[in-house]
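Should a chain be cited, it is by its letter among A, B, C and D, assigned in written order, with residues numbered from 1 in that chain.
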Amino acid sequence: MSNPYIPSIAKIMDIIDETPDTKTFVIEPGLSFKPGQFVELTVFGYGEAPFSISGGNEDSIELSIRAVGNVTRKLHAMKIGEHIGIRGPFGNGWPLEKAEGRDLLIVAGGIGLAPLKPVIEWVCKNRSKLNEVTLIYGARKPSLLLFKRMFEEWKKCMNILLTVDEPEEGWKGEVGVVTKLCGKVKEFSDALTFMCGPPVMMKYASKTLIDLGFSPDDLYLSLERNMRCGIGICGHCAVSGMYVCKDGPIFPLDEALKFIEKPHEVQGVLD
Amino acid sequence: MDTFVKIAKSKLKDFLQHIMENYTLYAPVKKKISRFERIEDPSQICLLPNRTEISLKPIFLPPKESLFRWKKVEDGYIIEDCLNGKEKKVIFGAKGCDVASLKILDLYMMEVSDPYYASRRKDTIIIGITCEYPRESCFCTAFGGMIPDEYDLWLTDIGDYYFVDIGSERGKELVSMELFERASPEDEERKREKIERAEQEIRKMAKIELEEYQDMEDKFEDKIWEELGDICLSCGRCNLICPTCHCFDVRDITNLDGSAGERIRVWDSCHLFEFAKTSAENFRRDRRARVRYRIYDKFVFSVKRYKLYACVGCGRCIDSCHAGIDIRDVLRRLIR
Amino acid sequence: MVEKKIEIKEITKIEGHANLTIEIEDDRVKRVAFGIHEGLRHFETLIIGKRYHYLPELTSRICGICNVAHQIASIRAVEDALGIEVSEQVKDLRKLMLISSHIQSHILHLYFLALPDYIGVESAIELARKDIKLVKKAFKLKEACNYMTALIGGRAVHPCTILPGGFSKRITKGMIDKYLKKMREIYPFLLESAELFLSLDYPPYERESEYVALRDGRGIPLYEGKIATMHAVFDAHEYGEHIKERAVDYSTAKRSLIDGRDFMVGALARININGKLREDARELANRFGIRFPSNRVAWINPAQALENVHYAMEAMEIAENLKEYEPEKIEVPRTDGEGVAAIEAPRGLLIHHYVIEKGKCRYANIITPTAMNAENIERSLEGYVSKIADEDDGFIRKEAEKVIRAYDPCVSCSVHVMRIGKMSTFL
Amino acid sequence: MNIGIFSLSCCEGCSVEFLNMEEEILDILNHFGIENFRLVKEVNKLPVDVAFVEGVPANENEVAKLLEIRRNSEILVALGSCSATGGVLAPGAKPVGHYVDVDHCLYGCPFSRDELKEFLTSIIIDKAFGKKEYSVCMECSLLENGCLLEEGYLCMGPITVAGCNALCPSNGKPCLGCRGSYEDANLKSHAKILLDKGFSKDEIIDAFSLFSHRDLREVIEWLKRR
């Protein structure tokens, strides 16, 4: 039995600048994974952090990473050809099988699009299995929108609604929070929703969708918690007897609502 | 097992000596504080009338351990696993609460097998012993009593002899030596009395009985969390001393130029400010939430996940809390 | 008339901040001022009102180099004041701590502060580039001494185990053996160091002066004894009748005179007063033709090197016969009293004097070695510079610095209290 | 990269402790040049990349010196308790952070060598270095020491920021709180607990003011009012 704490060595094959603070790293070897799963990435000497797999296959995987702290900043300073450590994939992944034959709504904010990109790519490959598909994506500024290079391609398979908080030169799209766009998907009748983004965004977007008649058990959220081991032992991500790393990170809203701890807490999802 | 045996107190040393020939023996010793240590000579052992100050946990999950070491090389990194070969262990002199705690620890650490824990834990033989008289803080009776469900051998002091209960095949093999004698029904009776008396004493002191899986979830917004949050020091001692708390932090340390290093894990505490902090939020910024989390993790969340209370009533957290938070008082209020 | 003024704004490679002004008129010294301009510190006022068990902790922070000496002087004064009994075993353990910290301080001074002057480099860092082996050896010695101090004291700087009447932790036979083993291990290097420092070319200047050190009639005591001058011996409690302190306007440190004379304390004074070097040290001194008592100021350095050998031998002797120490509850017989302790810090005699009332400090007086030496330093400089006043400035400067460094002045110690000068507006 | 070790008014124990890194200093010299270190050097220069400042400014000259150091350094590190939080010096003295921006603090009297090593490593390899948000008590319990507070000593461990590896309690002496408190510390509760344990108000104030940390002033005032 192999030791799940030991990372395997992987190599950075390509680095794509997505936005001023986010880069996509293409690394080899890849692994087989389910959309929504994540890996634990080690920058040797600096530490380890969880990142959603934003694309790829057995040959190579993509990780789209925003520089916020110790590990991520160092990673951003690394070059093609350098080595990192990878453990995983971990987590449950999005319930794609449930989407077949139904409408699919994808809601993302900021870096939250990363774990949803494999879903979008799956949709593009399996478009005929689904009815309506819409992507709602918001970011603080137009320049911070991830994966702009893919939008044209994606538009062929789905409706894309974009919004930003602060417009910049040349922005012709919507201005405002993601919640505003949620109101535009009234026509969805039997929809499954996959959502990932900052906690406040997820909170208000879920509320709006439920008000529109979406069922809370068809609303799936990807949660973020502090993770040290990624395999359900270290205890940091535990909420209410659940391990976000192992039982999640993706939960249906009605389940999440049951276990999110309420008073005295920064909520995460709903309070 | 239907046959009962006993061993004369005078022969215990021989028995332990015999064990040490084939196993590494861990037993309670008393220095400044009492704890289990590897025994080189049976005379080191100090059989206490009740539990040791430090539990069995550090034997299987040490406070600090290296997971792996790495070295930078031309084309990547070389990793050296710090997983040690296993040793054949016998734990002698463990009390009921500690043995019970292993079962809980096993659940948490082995749901996804933790190789470091597993390698230390695997095939460990447990020889427990009944408490002579409990400590003021003991309340194991709230969770079933002084004798755990699983053990290999269980000793009870009945005068000149220890009565020996056999709990497993491995235990049976151990008592096949001529050091052991057949026990009489009177011996067994004496044993039962002894246990009952001690348990009664605890019940009298602790005054707390939990039903199986009692629902406390409605106390989530109780005033008690505010009271406790005000006095808790967030020092983390209750977590570290608890035989069933198992959370850990993972840290990377390197040499001066970062060309080699190691990854270690260190016990962590859910009372600490940064425990649930992510890059975006701190989910338990408030001390009240942290205090509640620990109690709920032991009495509500554990029931949800594993259908048991993650507490064995050893009372160590009671003795070690500077703020005088008594988990029995907390429970009494929650089940009211 | 040719006048010149030599000023060193900040004398480096000494502990603390000090300056030097030399005014020369027609090749004759007009004025020498060894000024200490370190910020003002208020230890004696600071410890007023503090509980007795905090006094060693607080006074330890007077000086980062001789903190062990301060702690032990402080605890002894407290014990003296409150009538606390101290066993021989505890005394021996304290002696061991004193000795290892003593040697450490001497090594630091000899190799890192003094030696660069004699080798013609700017610092030990430069020396490391030239002769890495030598510097490594010095570090090894220092490390070993710190290790020994920490074995008993918990850590080398501001130890944390000293309590009234004993220690806070168990000191096992294993620890004592480790101490002994380490001391044996470094002993050959101490001999080697002594050879090095006995063979350097020191300024030849000699000046007859008064020397003061502890004396117990047996060896060269560090821990306790009577205070002896070349002319008198008196009990530490009578220090006030002999040692008088005064202030000068160009320095924030106090000055002391003994029976009206300036005097020297420290390694040279200790050997001058007591003689009685142990065999190996004595043999070394003889081999290099050094005789005591000596009035050659720069021989403080060789004296330190010899002391290292002497005290190492003493420590080994003590450690060989020491039993395991088990901490026990110490009875404090009274909470009021007056206590004085005189001990030998690496730089010389150190006196702590407290009045304790209801367990709290009511009065404190601390006289540090550098405060005692300050006057003597100035007089020696005056004498030496007069002899070389016709040389060029650079030479005078260098030689003056050598003399000052020889004393190993510890400015932090000497300014532990401020008596004159205006309070800074920033305070 | 160049470093300098500067001392303002203090016991210079931190400089000494720096030298006590012994042979490790030689390793450090492979990465840093020591440009300024009055205790051991004659030629001392500015600017430096990393300035370690021990002690507190106790007069105008020292304040001026401190300002000059700040102007001439990329990273300024408060070395030791005096500099970082106040220390046992004159109670009126203010820590270095009162006069200039401080980038990092190395707490302790003296600072911990392990932490200094950790800090230097973080500079060399550009890794994050931050204040610990937990107590000496945590470190003490990790070492499985017996608890001195339980034994009746006045221990500051529960409110003192970790990093010394519980040095004093491990040596049988209660923590003096030389490192100052951490942000999340429950100061008031600790004071109350000590009162409950039977320590007098006076004793507690004494202990809390030993290192004149500014962050403890509020509790001291609160205690005085009680």
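Basically, a contact is a pair of C-beta atoms (placed from the backbone, for glycine too) under 8 Å apart; a residue touches a chain by one contact, two chains touch by 3 or more.
In this text the structure is predicted, and so the values were computed from the model without any measurement.
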Any chain that touches chain C and chain B: D
Distance-maximising chain from chain A - centres being C-alpha averages: C
Comparison of A-B and B-D (more C-beta pairs in contact): A-B
Where chain A and chain C are represented by their mean Cα positions, the distance between them in whole Å: 66
CA centroid of chain B to CA centroid of chain D, Å: 37
Between chain A and chain D, centroid-to-centroid distance (C-alpha), Å: 42
Junction residues of chain B - those touching two or more other chains: 254, 258
Sites on chain A at which at least two other chains make contact: 45-46, 69
Pairwise touch network: line, ring, star, complete, or other: other
Chain-to-chain touches, reported pairwise for every pair that qualifies: A-B, A-D, B-D, C-D
Chain A - residues contacting chain D, complex: 45-46, 69-70, 73-74, 77
Complex contact set, residues of chain B against chain D: 32-33, 35, 53-54, 58, 63-64, 230-237, 240-241, 253-258, 266-267, 269, 272-274, 287, 319-320, 322-324
Of all residues in chain D, those that touch chain A in their complex: 125-128
Sites on chain D touched by chain C in the complex: 7-17, 19-20, 22-23, 25-26, 29, 34, 37-44, 55-63, 87-94, 109-110, 167-168, 170-173, 176, 203, 206, 210
Touch list for chain D against partner chain B, complex: 27-28, 30-31, 117-118, 120-121, 124-125, 127, 133-135, 137-138, 141-147, 149-150, 157-159, 183-186, 189-190, 192-193, 196
